[in-house]
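Got a structure for you, written out below as structure tokens; questions coming shortly.
Read from first to last, the chains carry the letters A, B, C and D; within each, the first residue is number 1.
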Amino acid sequence: MNETNGYILEVKKVSKEFPGVQALDAVDLSLRRGEVQALVGENGAGKSTLIKILAGVYRKDGGEVLFEGRPIELHSSSDSLHLGIKVVFQELALIPYMSVAENVFLESFPLKGNRTIDWKTMNGETGKILRSVGLDLNPSTPIHNLTVSQQQMVEIGRALSHEARVVIMDEPTSALTPNEIQSLFEAIRRLKAMGIGVLYVTHKLEEVFELCDRVTVFRDGKLISTREVAETNTDQVVTDMVGRSITTLFPRTHSGKGEAVLEVRKLSTEKKLREVSFEVCAGEVVGVFGLLGAGRTELAKAIFGLDPATGGEVSVRDQRLKLGSAVQSARSGVGLLTEDRKEEGLVLQMSVTQNITLPSLKEFATMGFIRRRDEQERSQEFVNRFSIKTPSLRHKVEYLSGGNQQKVLLARWLMKKLQVIILDEPTRGIDVGAKAEIHKLVDELAREGLAVLVMTSEMPELLGVSDRILVMSGGRITGEFDKDEATQEKVLAAAIVGGE
Amino acid sequence: MKRKLTVLAVVLLALLFTASVAFAGGGEEKAAAAGRIPKRVGWIGNYMMHEWYQNVQKGMKARAEELGIELVILDSNQDMARQVSLAEDLIAKNVDVIILTPAQQEGAVPIVKKAKAEGVPLVIEASAVEGMITMVAICDYDCGYKGGVETGKYVKASLGGKARVLAVDLPMLRPCILRVDGFMDGLKTIIPDAVLVHRIDGQGLKDQALQVATDALTADPNVNVIYGCNDDSALGALQAYRAAGLDEKKLVVCGTGGEGNAFIHAMQEGGPYKVEAAMFPEAVGYECINMAVKLHNGESVPEHYVTPTFALTTENWNKYYSLSGEVRTINWDAVNAIPREPQCGKY
Amino acid sequence: MEATAKPKQSLFGRLILFNEIMLVGVLLIISVLISIGTPRFYSTTNILNILRDSSMAVIAGIGMTMLLITGEVDLSIGSLVAFVGVVTMDITNKTGSVLLGVLAGLGLGAATGLINGLVRTKLKVNSLIGTIAMMMILRGSVYLYKIEAVQNYHGLNAFFQIGNGYVGFMPIPLLIMIVLYVIFLFVINRSVLGRSLYATGGNYTAAKISGINVDGLKILTFVMNSILAAVAGVILVSRMNSGQPNAGQGFELSVIAGVILGGTSLGGGEGTLIGTLIGILILRVINNGIILLRWNQDLQIVISGIVIILAVYIDNRRKIARSKIITT
Amino acid sequence: MAGTRAIHQAEKKPAGFFRRFVSVGELGLLVMLAVLFVIFSVASPYFFTVRNLSNILGQISMTLVAAVGLSMLLISGEVDISIGSLQALVALPLLVVMNATGSFWLGAIVALAAGAVVGVVNGLIVTRLKVNSLITTLGMYYLLRGFVYLVTGKVPISDQSGKDLFFLVGNGKLFGFLPYTAILMFAILLLFMWVLRSTTFGRRLYAVGGNPSVARAMGISPERMKLTAFILCSVLASVSALLLASRLGSAVHTAGIGFEFQVVAAVVLGGVSLAGGIGNLLGAFLGVLILGIIQNGLGMLEVNTMWQLVVTGSIIILAVFLDELKKRHG
């Protein structure tokens, strides 16, 4: 093995294209033994794509990857696993109905003799590993009984449990509480001491400066810079990341607010929400911030009636909605843009047109039959207006890029006359360009007099887009700020209160 | 947790079974050996929902009542595995004699062995099983043969002596194959140059018969004789013939079984349905009970006790059956008067 | 990217048609082969026979296609066909009115569909299991209702005509089929209802969010499916001219087989009536040809089995090919 | 997406739910079982006897052996409805070889091999050609049955070897009350309970069924796992076919018609999810036992076939409904 340069992992001119997006454009990155290197950049900068390539999930289109100086081809996950490249994905990769220990050792179970699983050792080991990341729970608990942050720690534990040479973490702290974060950092420092290379993907700059040796910045799929943390500062990194100042990113032109449209009173659900109350006025954009598992998505779904609520009331323009009836909310002018586009938003087998007109079909129907031309023309309008990039209206949404898919969903709601729209993570996994466009659209929605509710976990987006900010934690509202009094620190502080 | 449950579950089951063993005394004692008449006789039917077996049941019940026998009736519903289980169930119920209608002849061999081992006399109905003591059944070949002869007479008299036959078979069951063979042989005694132009599988179901006959009649529209190995097969094919818009004057239909009332209606409407190779299910049931009694008393019995079959025609059917509303009643004297072959022409 | 997209689109367009075109091709090839073997195949009588006989499966297939599009399935239609037949015949006999008999039959169908739908949506029982159970229940019930076949006592000709009569050269069942087929062709492709079926099967939550009453829609589809099956049942009982409690065994599977062969996916959200029509015809033609050619009838199920697997495999290849063209 | 799933799971279900869920699951079935026992015992003096209970064990053995295989396949996320036709198929080589060589064991081996081949074919079509398993096995369901009809000409092959062993396998009883089939059945049940619980293979089967993409990310090949599951399913179905053949003393072309539905119903009744990744063999066993007892009990009570169909159908719906209810409100 090649000891001349201290690099354990080198990425050279690696590229990856998805339909409509150049996800990675000939990026370089090199990771030393015993170093913690931060990889930062906005959503869509290409961080996750690179990680998936290193994890063997995606195949790179071009360039090469060297491991300990030797070029390697990663055809499948097992290739990287065998090399000792362990990844902690941002979206949890656990099997809900299996126990913690099983998930930790899924890759290779400890065996008694050479056949039988050695549950004793397995649970014992798991216990140790969990404690090493400051987590104390019964290894035989099934995963879906854990809180999100616990699940996150289990994933991290899994990465540490095996012969790791390189550990890659994709925003591991997004769901963690301060104490958990500290124990995670200790664990990472131990890895460092063991000479393991850690690639630490994050958007929280304070972590970069607390934990990391070097910081690499991606933007729009390109490598912008790699610097020694000691020799740089926050401003420099931010400029590298954004490439322009926050204000131009989120053009919030309008903020004249009318009378209250959406009113939520003491809304609670069996699993999560605890007496949530607030109101949103016409033409107002209210941002809801919270860490993973704080209850943002649940709130969105409960208001819309997708999840059953156990108590409270939701009313639109003083007309009270039947809780848990999505149909009624939809009919009384509430729109919901779900966090998970593919799972809960788009009908992938359907065309662009069909997806856009789905909620407003009746407008194009006489006696229940659809006037095809009308439908085509109206949706063409919206496709042009939102500059949705698609070969044709008949094109299946499945094959559009994330940004365009999201625009289709927004078009869907703009076409329908709405009172209230709830946007859950509207820019998740979308490249920066499209992101800006979508924020413009949000602004537009508000200008048209809708009451807009935006759930987001992205601080800049939150601060940029909202007139008013609600902060959630543990299913409660733990803070409310006006646009101008809100700061990153205040918001985070409120988000951590009573966090799990 | 899960392991605990497994253990718990197994223990519970174990308990249930041991308990049952302890309990066992109750049911185990054999019914005191009866005198001349068996106390309880069990019948495992094959397809009790079918009209044929409904009428066999009629005959059996009638006779059982006369003799004051308790009749236990079970149904394997054409499931061979089930049939074996039911045999076990009957033995568990300590019946004195078992009557078995095999869902499948070869598949019933183990039942014969079991019954022997348990010393329970076994009467087979309908189709021969290897190693059986005795069987009560018609002669399928001869039944078809008689139908063939009678049909031949009609062809000679009214259809100009040429016979082109469409046979709707059920090759799944050997007895049906025998009937078709018998029919052709019988027919040839009158119409030597009769030809079997098409032999199709109607699965013994009217809708299936209808479908395949439709196709077959397209292939051979000049068929003038339709033979069905049971009534539904014949009637299904007749429907196909009608639907094809072919001339009913040029056709004769012969069904087999006389399973229910369908053939009587068909004959009454004066269409091409002229001949029924009747197998008198009531008589079969009746004789099964008689045979059961014989076995119970250890009398010597023939290996095959033949029950009557007869080719009914539009003229004479009402000598053997009378139909009031939907209830048909058998005329025993006439049926018992029918001469029976000592053993069948073909097995 | 617009530029690169253009050629893809035309190819995409052609590929969309591919499955139906392929099926038509298969149908033609089989037909030609059979015609070579026997001239009788290519005769108007035989063609009409095939169509008249397929009409029942096609009518039931319309409902099954809609049901599969919403992501559900119904295995109880075979038993239902028998039950409907017996009831229709019996009521016709009792009232002497064919109309009442037919209405009773269709009513029974609607009721069954309603139960299937409620069991699925309210009791949340997987439709595969739920309708297997319903298959048993109906088969048991029909015998409990009438253990022996019900004959057309009054020999009502009107009744006989439903399944066997002609309008001009056109067999009445075929006529019924065409009418229903055209209606539902429009409903599925052009109506809000049809669009909602695809949406519900394609993405349940998305449909719900868009204000579609998904459960109500599923119940409605179950009902339509059962009524269409009941229509098939009425035609069958008229063709047999008697209500047979043992009718329709295996009907459900042959219908589903035809629908799947037509390119409707079991996952929901995909499927076309054209495909269903051709799929069912292919299977029927195979059966017809084997008898005309006097081959061993057991080949019918063997060949059907092979054709199903092959067709679905080719359809998959097509989908994969398409996604490649689009995504790279 | 894998993630969101996990998250939803975590947030939908309060802690401790799983325990209750499992216990309620099996205990629910156990209660149902006990109730049936009581009802039938009260209703028929012949039901609760050693002989009848040992009969029940013998009668369910075929279903259970196949159910074990099918459960594992369902856990891996696939399904096989061709097992009924397979039963008819594999009996042929058994009888042919046995009659030719006079050796039951030789015949059995060939038969199981034949079963394995069908499993491989099913598995390859599903994992390589990516054809939905329900469709694949629907095709096989027709294909195999037709093949059997063709080669046998619908004439059963009966046992000429006169081997007592062959008869005993399916009909013999140990100490006159414990059927050999039951012993085999329990052996297989316990073996695979162990496999599912204590071997890497077993646990990975759950992983593959529970979330293929995660499994793949952990270096497990869903394809290989599913292929194996298909083979196991077919081989175990073939074992049940041997027992059936022995109980019938012959290879019969109509054997196993409707068997697949019986097994699927029983397994789902036992709480094995059609969605994959959920369920266990204890549940499957209870499901099979319950249906077996219903069938036997109704037989004992001389309930006619029509009512048997109606009752069994209703009980299936009821059971699955209760299962759903339980899943919804933990």
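Note that a contact is a pair of C-beta atoms (placed from the backbone, for glycine too) under 8 Å apart; a residue touches a chain by one contact, two chains touch by 3 or more.
Just so it is clear, the structure is predicted and the values come from calculations on it, not from any experiment.
Q: Could you pull out the chain whose C-alpha mean position is farthest off from that of subunit A?
A: Ranked by distance of C-alpha centres from subunit A, the top chain is B.
Q: Could you work out how far the Cα centre of subunit A sits from that of subunit C, in whole Å?
A: 44
Q: Based only on mean CA positions, could you tell me how far subunit C sits from subunit D in angstrom?
A: 30
Q: In angstrom, rounded to a whole number, how far apart do the mean CA points of subunit B and subunit C lie?
A: 35
Q: Return the residues of subunit D touching two or more other chains; collapse runs of consecutive numbers into ranges.
A: 154, 197, 305-306
Q: Give me the residue numbers in subunit A that touch at least two other chains, ranges are fine.
A: 343
Q: Of all the residues in subunit C, which ones touch at least 2 other chains?
A: Answer for subunit C, listing residues that touch two or more other chains: 143.
Q: Which pairs of chains touch each other in this structure?
A: A-C, A-D, B-C, B-D, C-D
Q: Of all residues in subunit D, which touch subunit B in the complex?
A: Interface residues on the subunit D side: 19, 22-23, 26-27, 30, 33-34, 37, 45-46, 48-53, 55, 58-59, 62, 153-159, 167, 170-171, 177, 193, 197, 244, 246-250, 252-255, 257-258, 280, 282, 286, 289, 295-296, 299-300, 302, 304-306.
Q: Under the touch definition given earlier, write down the residues of subunit B that touch subunit D in their complex.
A: For subunit B paired with subunit D, touching residues are 1-3, 5-6, 9, 12-13, 16-17, 20-21, 23-24, 26-28, 48-49, 72-75, 77-82, 84-86, 88-89, 91-94, 104-110, 113-114, 130, 171-172, 174.
Q: Per the contact definition, I'd like the list of subunit B residues that touch subunit C in the complex.
A: 49-51, 54, 198, 200-201, 205-207, 210-212, 214-216, 218-219, 221, 232, 235-236, 239, 242-244, 260-262, 265, 269, 326
Q: Any idea which subunit C residues touch subunit D in the complex?
A: Subunit C residues touching subunit D: 119, 123-126, 128-130, 132-137, 139-141, 143-144, 253, 256-257, 260, 265-267, 296, 298-306, 308-309, 312-313, 316, 320.
Q: Would you pull the subunit A residues touching subunit D in the complex into a rising list?
A: Its residues touching subunit D are 55, 57, 76-78, 81-82, 87, 89-98, 102, 106-109, 111, 115-117, 119, 141-148, 151, 271-272, 292-293, 298, 339-340, 342-343.
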